[in-house]
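Next come two complexes built around chain A: one with chain B, the other with chain C.
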Partner chain A sequence: MITTPNFINKVVTGITTWARVNSPWIIHFNSGSCNGCDIEILATLTPYYDIERFGIKLKGSPRHADILVCTGPVTRQARERLLRVYEQMPEPKFVVAVGSCGISGGTFAGCYNVVGHIDEVLPVDAYIPGCPPRPEAIIDGVVKLLNHLKEGTRPQPIRPEIGDHA
Partner chain B sequence: METLLAITSIMFFPAGLSLIFSGMLYEWADRKLVARFQNRVGPRWFQPLADTIKLLAKEEIQPLGVNQALFFGLPVVALSGALTAALYVPIFGIQPAYSFPGDLIVTLYLLSLLTMCMGLAGWNSASRFSIVGATRTLTQLFAYEAPFLLALLGPAMAADSWQIGKIVAYTESHWMIVLQPVGFVIALIGLMGKLELPPFDAPEAETEIVAGALTEYSGRGLALFHIGRSVEMVIGVSLVTAFYLGGLGNPLIFLAKSLGLLLVMAFLQSVLVRLRIDQTVGMWWRAGAILALLQILALIVLK
Partner chain C sequence: MNTEARLQRAKDALAPFTRETFAPETNRLDVVIDAGDLTKATAAMLAADCGYLSAITGLDLGVEAGYMEALYHFCDAAAVTSLRVRLSREGQPEIDSVADQVPVASFYERELSEMLGVTVVGTPDPTHLFLPDDWPDGVFPNRRDFKIEDAAPVERDVPKIPEQGRMGNKFIVPIGPQHPALKEPGHFEFAVDGEIITGARMRLGYVHRGIEKATEQRNWIQNLYLLERICGICSHTHTSAYAMGVEKLAQVEVSPRALAIRELIAGMERIHSHLLWLGVVAHEAGFDTLFMYSWRDRETIMNLLEEITGNRVNYSISVLGGVKQDIGPAESKSIHKAMDYLEERIRYYLDIVSTDAMFLQRTRGIGTMTRDEAILYGALGPTARASGLVRDVRLDSPYGAYKHFPISIVTDERGDLEAKFAVRLKELLVTCFTIRTLVDNLPAGDLTVRFPRKVPAGETVSRVEAPRGEAFYFIKSEGGESPTRIKIRTPSLCNWTSVLNKAVGHQLADMPMMISGMDPCFSCNDRMVTVRRKNGSQTMSWFDLRAYGIEKYKSR
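Entry: the complex of A and B
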């Protein structure tokens, strides 16, 4: 039983999933946000919130990253760049949209220079609402995404309940 | 039998798997200590292991316009260079597996192989960030390599031998940190330059040049370079401990000494800021090299 390919497969999948859940490296991209969300993301990365506890590390190169954290609506100028950053990431990769603008276009919805929300350009795996969301909410969103990864499936979009992070 | 023994020592002990795992432990200790200096909790103990497995399981992208053989070969060469160097070094205070007169020089050159490979990998990646990173990596190599070598030559000259085993036997009765304090400081800081730790992390400054020479590497190649770096850390720390902090002695005491060295390195990492590449080179040649030479001169005169 121990040598059946099925069993080996299961063990290997288990180990890789464990490693993936415990070592998410993120890259941060601003596709046209007002900078409010970005300031909150940077605050999340400071020693005060210490996300290295979860193994999260900020990476400069899309080639090293697993999770693309993007903020803001997608402008016509940023669309190409956002797609390029996404395509440069190696599989498996995930996208987290931070802020109301990333979810729906927010205050920029309908502007002449805006393509729309991030969902219209990339497949988003988790949404973190707020304008801007607090660092705790961002951590919570990423950890919820990781918990879904543990089940081994690409997560269904997670929309946290309103009032969850008051 | 001979070959079997050689294969075992490369695959498992003292090089190979045991070294890779201890490299991960050292990397964790370093990250954890830096985290504690910054007053945060820091990574969990299995963090480097999880990072490595994740990278190994990821897709490996080959950018357009690179030489395929070099792109996939360089990480392997880098790691094997570091692992081979371990055969001549007393890791954890255990006598080295192989030894011959002059193995100190061979070890030091094997250790530089990793940096060379990184530089070549950066050149080969055909991306502007990696080329800038590669240039900085190689420039920095020329800065710290000579003073570091001179600093390790001090104990070698005092022991009248170029064989690591004999030098270590000599330093056991002579604490070199007392006799050659300048050499110790230069060796320690040179080691930090070799490992590209802050303040010498200009080659991979993520705020300016993304990730330096390794920008285009993903998946396995990146993992191998990472492992090579942490293996180099184990070897470097062991070498400096054995040369300057009273030889081999008991493996447990040796481990405690190397941890003390790591503590000092983590402290320096968290209090110093990144130097520009020209400042690094200037500092090494204006202060480091001259001090190391003076130390050697004093050694020759007093001996």
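Entry: the complex of A and C
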């Protein structure tokens, strides 16, 4: 029957997935980056690359956001802030690590004030490599994440292998 | 006045305190003084008009030598006078504060004390500047015997960022460290009395990575790529300053063509940085159309940078001994075409920011800084030039190709936000002109010359004009494959003093514009900072504050 709980569940899930895929709002946090990735993320939002066509909007508050976009290695002072921003986000939440530093600590691996890469602090759902990644690469990474959202699965990314930076 | 005369003037001023003098380079004078004479020597330098305090380098000479040095670098056009104060490595070395004479020195002194373990007596705020709150006591990263294992986090009660509430009849409005507008974490607390700001404080260090220490563990060539990543916006500035200093130490003569290409890229970097700034400040004012326009036009220069260097952000064009890529006829054609487009657009923006009535409400007469204040607070770059203070390394101490391709300096007497727009946009037009001249008159020569693996022992100072002001490098080599010490002082650090001091007495609604107006760059800085604090608190995110500023002006 049309009113069975299963059917209502299905409809509700369908609507939320549709809404989530079409308006994934992001929040951006720089936990020790050099700005390179940050300006590329910002460039992705502006008319030339126009990521808003996927319904993506940069939000100021973690409570409005679905995706946390992280850049840079995690410094000791920023670690607690990063966790706090993540905790404030509503479920389901996703984390995208942008740039080499976010993936492996990059050129800053081993510095005294660096805790490590983002994976050591938060579970990461997508990695976008590059120093910094081009806006096209950022769009590509985000679209891959959106495809997973559409299927209702959580991506299982493999962190790119890195050499020994020390 | 030439450089010798300037150095002689400094020498005369310092004569009563001098223990020893050296002249390591033709434009430098090193004067060894006693720690007790520091404040008097600083006063003598300022009284004789021997330049401004540009940086303080903390130098550990190692366990065998048994002492450390604090170097107070005064820059006066091309002349650099360094006061060297010797300090014991044992016990608790002490030095007097000069922050009452030079306000910006409070930042340098905090850095000195936490990085080298020197107690600065009488400094306004001795708390941590760069290092995290959980840093152990008695561990100083810039000492030669520092080990990363010693720096394990310790449990302690750290002052939490205030949540909400009020104390007495004052509010503190904390902003950050997470805020969407600046793209970088910094934490500000403004004490407000109603609408008016009565005190300002900031805590950075969220992006502090420890690059200065890391340079000592990497070789000369690896450092080029590490230092490039101090800041993604002015990456070329850092590689140029570093390469220039190391080439001076190694006595390697770089070809004029390579120098001209470096200047060309520096000009393009300035265009991208200023257009980025224009967009961000327009966004703070609620003028998003200008934000989108300027960022669209910025893509022109990004494409050009990519065409020439292969990279949009970290160009990696400088190498030790020259540059990697040449400018051919195809590139010069694209450069001219891009300049045609950009010049037209910049003129249009200049027209908007100086005539649009709505926009002028947000900029005219806001944050006005007089020339004397700019000198006192040690402002640099466009922030200083908008107050009529001509401070530009490209003019004061022409380096590289600037000797042959000089630039004209844009200044403005008004000192408010409007003047900052005018200075930066006119500077863009000048830069476009310089780029055209450079492309048309590129000198002949090899791109690179051979560079040795080891750099001879010595110390050098290298100064470069970044888009935000003077970047200061002090490089010391002991003849090995790695540097012994690299001290970096970036321009945003100096400009913070001016913004935080000018904030007092302004409306809270003007703060986002004023902070963005100096074009702050946290990643360069955090490698630092604070001013004042009062009690009480109310939480307002940067986003809310920005929205509040826009609303406030809408309802007037």
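Here is the rule we go by: the second predicted complex is superposed on the first by the 156 of 166 C-alpha atoms of A that agree within 3 Å, B and C clash if a C-alpha of one lies under 4 Å from a C-alpha of the other, contacts with A are read in each partner's own complex, and residues count from 1 in each chain.
Here is the rule we use: contacts are C-beta pairs under 8 Å (C-beta built on N, C-alpha and C of every residue); 3 or more make two chains touch, one makes a residue touch a chain.
Here the structure is a predicted model, which means the values were calculated and not measured.
Annotation for the three-chain superposition on chain A: chain B and chain C clash. Shared-chain residue A:Cys131: touches chain C; no touch with chain B. In the superposition on chain A, contact of A:Arg76 is made with chain C only, not with chain B.
In the overlay built on the shared chain, the residue A:Phe108 is in contact with chain C alone; chain B does not reach it. One of chain B and chain C touches more residues of chain A, and that partner is C. Contact with neither chain B nor chain C is seen for A:Lys10 once the two complexes are overlaid on the shared chain.
Of the two partner chains, neither chain B nor chain C is touched by A:Lys150.
By the document's definition of touching, of the two partners only chain B reaches A:Pro90; chain C does not.
By the touch criterion stated above, A:Arg53 is placed in contact with chain B alone, chain C being left untouched.
When the two complexes are overlaid on their common chain A, residue A:His28 makes contact with chain C while staying clear of chain B.
After superposition on chain A, the stretch of chain B that runs into chain C among 63-71, 117-125, 261-269 or 279-287 is 279-287. When both complexes are aligned on chain A by C-alpha atoms, chain A residues 47-48, 58-61 touch chain B in the first and chain C in the second. Here chain C touches chain A in the complex through residues 130-135, 141, 146, 148, 151, 153, 177-180, 183-185, 205-211, 213-214, 217, 225-226, 229-233, 235, 276, 279, 291-292, 295-296, 298-299, 302, 312-314, 521-523, 541-544, going by the rule given at the top.
Within the complex formed with chain C, the residues of chain A that make contact are 27-43, 46-48, 58-62, 72-73, 75-78, 81, 85, 106-108, 110-114, 131-132, 134.
Those residues of chain B that touch chain A in the shared complex are 31, 35, 38-44, 46-47, 49-54, 57-61, 129, 206-207, 210-211, 214-219, 222. Those residues of chain A whose C-beta lies close enough to touch chain B in the complex are 15-16, 18-20, 22-23, 47-48, 50, 52-53, 55, 58-61, 63-64, 66, 88, 90-92.
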